[in-house]
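Handing you this structure, nothing more for now.
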Amino acid sequence: MKLNAFAFVLSMGLASSLAAPVLASGTTAAIADKIEVYPQTVALRSKRDCRQVVVTGYFHGLPRDLTRTAVFSNRPRDLVTIDNGMMRAAANGTEHIRITASGRTIDLPVSVSGVQDPDPVSFKFETLPVLTRQGCSTGSCHGAPHGKGGFVLSLFGYNPQMDRVSLTRDGLTRRVDLMQPADSLIIKKPMLELPHVGGKRLHRQDEGYRVLFNWISEGAYAELPATECSSIEVYPKGEQRLGPDAATRQISVLAHYSNGQIRDVTRICAFDTSSASAATVDSLGYVTGHSRGQTAISVRYLDKLLSVHFTMTEPTPGFKWNEPRPTNDIDRLVNEKLQQLQYLPSPVCSDSEFVRRVYLDLTGLLPSADQTRDFLADNSPDKRVRVVDKLLNSEEYARFWALKRADLMRVTPNRLKEGRAELYSDWIVDSIRQNMPYDRFARSLVTASGDTKKSPAACYFVAIPTQEERTEMTAEIFMGSRVECARCHNHPFENWTMRDYYSIGAVFARTQADDKMVRLASTGEATNPTTGEVMAPFGVQKGVKLGDGDDRRVTFADWLVQPSNPYFARVAVNRIWASLMGRGIVEPIDDFRSSNPPSNGPLLDHLATEFIHSGYDCKALIQYICSSKTYQRSAGTNASNRMEDQLFSHARVRMLTAEQLKDAVGQVTHTLPSPTVARHRYATEASFPENSTFTQTFGQPERTSSCACERQTAPTLLQALELLNGGTLYTMAGQSTGYYFNLPDDKLVEDLYLAALSRKPTEKEASIARGFLKRSVNRNSEITDLVWSLLNTREFIFQH
Amino acid sequence: MRHDHREINRRNFLGIGLGGVLTAVTGLNPAAAGVAPVSANARAKRVLVLFEQGGVSQIDTWDPKPEAPVEHRSPFKQIGTAADGMYFTELLSRTAKVANHLTVVRCMTQPTPGIGNSHPLGSQYIYSGEAPGGPVELPDMSSIIAARMGTLAPYLPSNILVPGTDEQAGASRIGFLPPGFAVFKTGGSPADPGWRVPNLGLAAGIDERRFKDRHDLLNSLDVGYLGAAHARDADAMHALMEQAADMLTNPQTRRAFDLSTETAATKERYGLGHRGQCYLLARKLIESGVRAVTVDVREPMNSYRDGRPISYSGGSNMNWDHHDAIYSTSHTNIPNGGPGAGRFGIGTWPMMGSTDQAFSALIEDMHQRGLLADTLVCFVTEFGRTPRVNDRQGRDHWTSAFSFAFAGAGVPGGQVVGATDRDGGYITSSNAYTIEDYAATVYEKLGIDRSIPLQTPIGKPSYLASKGKPIPELFA
Amino acid sequence: MKLKFLFCLLLPTVVFSSLSAKSRSDVSFVRDVAPVLLKRCSGCHGEKINLGGYRVSSFNYLMKKGASGQAAVTPGKPEGSTIFRLISTSLPSMRMPKGDDPLTTAQVLVIKKWISEGAKFDGTDPAASLRSAMGPRQHPAAPTIYRSAPPVLALSLISGSAAGAPVVAVGGYNEVTLWDASSGSLLRRIGDLPQRIQALSCSADGKYLLVAGGTPGEYGEASLVDLHSGGKPTVICTATDVLLTAVYSQDATRIGVGGADGAVSVFDASTLKKMWTSSLHSDWVTSISFSADGNFVASASRDMTVKLHNAADGSLYTTYSGHCKQLGQYKGQDPVYSVRFLSTGCDALSAGGGKWIQVWNAEKAKEDSGSAADMEERFAKQGHTRYLPHNSPLPVFALAMSGNSLFAASGDGAVREFDINGLKEVKTYTGHKDWVYSLDYNAGDHRLASGAFNGEVRIWNTDTGECTCRFVAQPGAITKKVTLR
């Protein structure tokens, strides 16, 4: 179980304390308010035992790393050696080491014991991690399926048995030299004392050198104890901030083992950064910030991976927070992040912008000219909230949001024959219409059985027939995780292991589906192809044994939807947030992993918590987001937030989706009857993608995968051609004369602007339009051309 | 029909850091405009990249290995070519006849093991000419060429991908360049008699006069809106619509895509299937003045021949990823399956047969039309295949050594560059070239000054093919 | 650290020779300079990788210009030589080796002195690779005390000692050790040999011992030890990686040598002149055997094939690919570790990874391999080979045989005896607790010797199947017992 995979930590208190301005230069000599040392006591228990000590000073509440400048004194007995804060055992005894930094002192009790006893290098817990750290066992080097240059290691050491043979026995024992350890190939090659395609990988002063050398010197024992590494613990935890005066942080990593032992592995684990422009990390775990931005520093030790999220801030000259009053906690959390990174948010949008945006987001349709008129004329202060309520209760809402879900579930008649696709689609629409709690929705799908005509949710298993696809699709939809890689090896960027993959597979191994029925079989297992191990179904508690008659999917669903699941609620709220805001807090929205951090972690946590407390109420969440200032911000940018595009400082300008565009053209040209009359003619309300040239050109997915990326969103020249010259727009603009022909010009122009852009024309626009209509060569073609022109404006094509 | 404000829009759309070469985008040849000093190496005005995606086996094509161990040897015999001392396998028997126009580089390699050893990343590597996975996502070379050099034919996109519907066409990236420079994908299959680029040519009932009226009206009404000024996609769409308008009113646009203007003999010479007609379309586009044309094609299961649909049984994914049964005489679906099942053997028509035909026709045709004088033609693939045959009778990915072929724009003919060992697995020559070197070669041939960087949105300079050097043997 | 200190005493050859250069009046390229270049420069400027378009893999290359267009060495002028400037600069960003520890002062001085003295080449072929230009190595003395038992990768029963006690030769570290095969006591140590001993083969008359070995990844050597005279071993040849096999032909007129550089070489046994070399294998040559009729030399390789060479000139006769079958009943892709011709005709046995010892005929193998024209058929063909299952889950590393008896040593710790005619297993010799890598059989006195990774040697009586003697081949009294694994 990977509950520890995410280090989402609520750190609101910390974040708000960071709001104070950073002091400029000259602070290095300043006296700290206080200093802290981690850990508060050091107890070394063997001769190679070590502990990374981290010294932090606080200046006006802001932490600054002092590990490398601190002076360690009062050490008469030299119990330990210290380099860059790394304490190593030297002699038995106890003493209080005095740490002095930035004018403050603190005493650190240190005890050392067991120095006289042997402390051999552990193959499993030191040698193999070092091979990962040095890059030997990566997928592009010896960790590739057939290795490199005849030398094969398992990817990131996931198969110690194999690595042990490979290092000590294979290759006619050429790789280690017990007589002269430094003469071993596994040392000489990475030291580049012999030609090595992988280049220089090891230096004499590296911890990796020390571990390999000692391991061989001691006889290259490759014992594989039953003990496992149960978790790693990283300090500092959670979200961290760096700034120009405090641009560095030392990381400390402890490994906890199943036998209760704890060891410092800072010098033998592997570090990486997700954004090198924000901050980098060296092999000692020392993080250095570079320029404004956020990054996840990932820490890998064996198959354990954790990330610490760092935000690097830089003071912007002249930045002054304009303190918009938050409407709710969403605004507060977004503002905290913006304030920290020094971006000014855009102001709240106009009523016209709001009404167009909220209709498009919630129903996929434009507000009609009359609906817009009414809204603009309404003077009550709660009108924005009321319109959201109204729309959430509309049939259009249910259908438009069902479309988003159906895209992922592959609801298409190509896969689901004889009307099942319709039934399945209707079931999804109904679940949204009823506002079925999202946990119940998920459970209904993954545990569905029976006749697919009577129980349409069971189509979930018909649309995705194989065990592998079920594993991958379920993980992608409900856990936002791309687990495909784990089919063949432990996922290099995530904690998903092959065991996990085939454990999820085991959940669905007994679910048999044909076109008509989904049945539970009493047999069927999933086997890890590397080890041959028959996997227990994912989600089953340790020690619990499922009977043959038990539905494994029910147990899995219990695990999936429990509030403590780190994925389920977060993935769901992130999808909803992305639908409304044009970008996920985690992006891509189905690629949750600790090395792909949320752009605003506290916000994601807050939304997930609210969602869980509401009983997984999607409508309530949408209502909550739509009532925030964050949602209601203008698309217009200021000098400060122009380049900012992930912290939600302004509304995101995005093209209407294929379906929205098709329907909007129909609405403006009055070629689509009201939805209540002809719902099936609306692309946003249809059960399946129409896959016409028009909708395909604008990126409508065919529903062949469960990846949100199947929907293409970048503008193309083909779209421009379709708009300027395509048959769809041309024909519909021509037919719009049926509605507009008899209207007086003033009314015509105003109606048209209200319908297309949800605003009245400016005086200038109105006069240009009226002038064009007055040419009276042919009123039909003039109206057509005017409508066509408006449909080709960016203001129409884009949502803003 | 250009108004001043539209000029400005174009420049805004171009945006960033292109400095002195802005003029190029107005359609002038930068050399003629005297914008950049022209190096003697700048022999190309256009570049045509034939990207045969999936990893073409070097051993079975450009780099025959008759001395390889028998169980790993290619069954296809080594043959002589029109150039003395130059040998291909018999799969390139037609191409052998035009070898006097080609330089074959047998010492291509991916310098960092593993970076491009997958199809998506390898394809992206080929498209962008630099190793993917760096701190910023890099644009395609063709987009950079379009941005730097502009077009020779304003009524056509300056960079086109034919057809751009393949599996890895998504590896094509616009990176940090304005979206307007994204490659234009023609879509569809030119071999299908019903194929058209959608919406080229004005719709019935709209004459040019009326289109102009409409368009003027649109320009006066499309004043933008709050926020649009800095929204990347909206800006891009605006520029794309400008370009689309140009394309629609120029009769040459349609002609450039219209294969019916080619003679039956020419069409037949290229091969009447999908691949042949894509290669032919590429030649037409180059001839029409498109700066950078990339062909990323695979013969589909359902193709056309003489205007009639034909289909191949068995396979499905017809790229060069021959993990299974590479020497099958039909499809490669071996019993019990394999990860790369579902294409045809390398010696079959849909694979090397059609490729040999189309490529030899292209070289011959471009030579006859004088296009080789100032067009660089590059035949590339993301990596090679293992010198050993695996237990599914296929060959797996191999980045240590593979072959590219070049022609035109001053590339010497009948030349072989570099050598590999007896098995074709490792480079033995003292020279070895990377995909970055290939990219540097293309830029150098086009006269693009690599010392002028692109600017990323956060203002960092990004130098073109900074890790590569032009392949000297191609500039003899 | 005590251990580290111990290793400092065992100074590598390279350092030793460069230090000694200081006291000499002149500097030798092959003796003093080449080892430094090889160890510190050739990683980036070598045969395959040559950064900056520059390589030091031979004297000629060293003197050639790199991509910078500057010559690295200007004879007589160290300060004007790029190579000297780059290794001696105090600017870490400029200094070579890039991103690595600087050369030692002694190493820098050697190169400086060599350039000042005119940068002369004192080897035989300036185009030859540095390794071959350097010639045979001076081997350090074997450790008096072994801190652990080295894996027994090679052993040989000394023939013709019927009168005296049986003797077994075992590969040590820079030496071969001779042991009393009935008591397990150390009789004699023969030094001046390569670091690792990978193969031992005693001449039929018991006078000579063929030795092959080297240092993995950098040096290989085959030499001949005169067991009677006891003089310094005669070096037959050297190589760029360890040599893994050295054998006599069945009539003792020729010697075959092969190793990790993939080459097979045949020498005249009396003159030690090289007759031919063949480099057809794409991976290590692990074992060589001469056919009884004198026509063929078979070489087994980690490239999963056995190559058959015409004994006269080394040209390829055919490739036996039975260990690399991809279709059919006996499929698998496995390295081959041992090949042995029978004592009559041209039937051979080969084994390595996989489940079977394969018995085949050289002439029929040629017919089987056919042309390359049809892949499917080629892969499906079962051929004339007979497959003898050996029932070990781990590879067979060594074969030994005489008459109808065949012995196979395997990674599972067992030595198995088979009847070649009947193609069946006869006996299993169990007792080794680790992978068995080496094996020798003396049919005359029914004695079998086997050696394992943990350093243990066992002597077996093949009539009874009993282990008659066992000892750990670890010379020198050691105070602390090293536990066997």
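Letters A, B and C mark the chains in the order given here, with residues in each chain numbered from 1 onward.
Methods note: a contact is a pair of C-beta atoms (placed from the backbone, for glycine too) under 8 Å apart; a residue touches a chain by one contact, two chains touch by 3 or more.
Just so it is clear, the structure is predicted and the values come from calculations on it, not from any experiment.
Participant: Make each chain a node and each touching pair an edge, then name the shape: line, ring, star, complete, other.
Facilitator: Shape = complete; every chain linked to every other.
Participant: Look at all chain centres (mean of CA atoms) and spot the one farthest from the centre of chain A.
Facilitator: C
Participant: Pick the pair with more C-beta contacts: A-C or A-B?
Facilitator: Between A-B and A-C, contacts are more numerous in A-B.
Participant: Using the average of all C-alpha atoms in each chain as its centre, how far is it in Å between chain B and chain C?
Facilitator: 49
Participant: Whole-Å distance, chain A centre to chain C centre, using C-alpha means?
Facilitator: 53
Participant: What whole-Å value do you get for the distance between chain A and chain B if each is reduced to the mean of its CA atoms?
Facilitator: Distance between chain centres: 34 Å.
Participant: Specify, in ascending order, the residues of chain A that touch 2 or more different other chains.
Facilitator: Residue numbers touching two or more other chains: 197.
Participant: Counting only residues that touch at least 2 other chains, which ones in chain C make the list?
Facilitator: 48
Participant: What residues of chain A sit close enough to touch chain C in their complex?
Facilitator: Residue list for chain A touching chain C: 150, 168-169, 172-175, 177-183, 185, 188-189, 192-197, 199-200, 203-204, 213-214, 217, 219, 221.
Participant: Which bits of chain B are touching chain A when the two form their complex?
Facilitator: 112-115, 117, 135, 157, 174, 179, 182, 184-185, 187, 197-203, 205-206, 210, 213-215, 217-218, 220-228, 230-231, 233-234, 236-238, 240-241, 243-245, 247-248, 457-458, 460
Participant: Can you tell me which positions in chain C touch chain A when the two form their complex?
Facilitator: 3-4, 7, 10, 12, 39-40, 42-44, 46-49, 97, 99-101, 143, 146-148, 150-151, 153, 173, 195-196, 198, 215-218, 242, 244, 260, 283, 286, 302, 397, 411, 435, 437, 453, 482, 485
Participant: Once bound in the complex, which stretches of chain C touch chain B?
Facilitator: 48, 50, 55, 280, 282, 303, 305, 319, 321, 324, 326-327, 331, 333, 369, 372-376, 378-379
Participant: In the complex of these two chains, what residues of chain A are touching chain B?
Facilitator: 138-141, 144, 148, 197-198, 275-277, 291, 346, 353, 634-637, 642-643, 650-651, 653-655, 693, 697, 713-727, 730, 765, 768-769, 772, 781, 785-786, 788-790, 792-795, 797-798, 800
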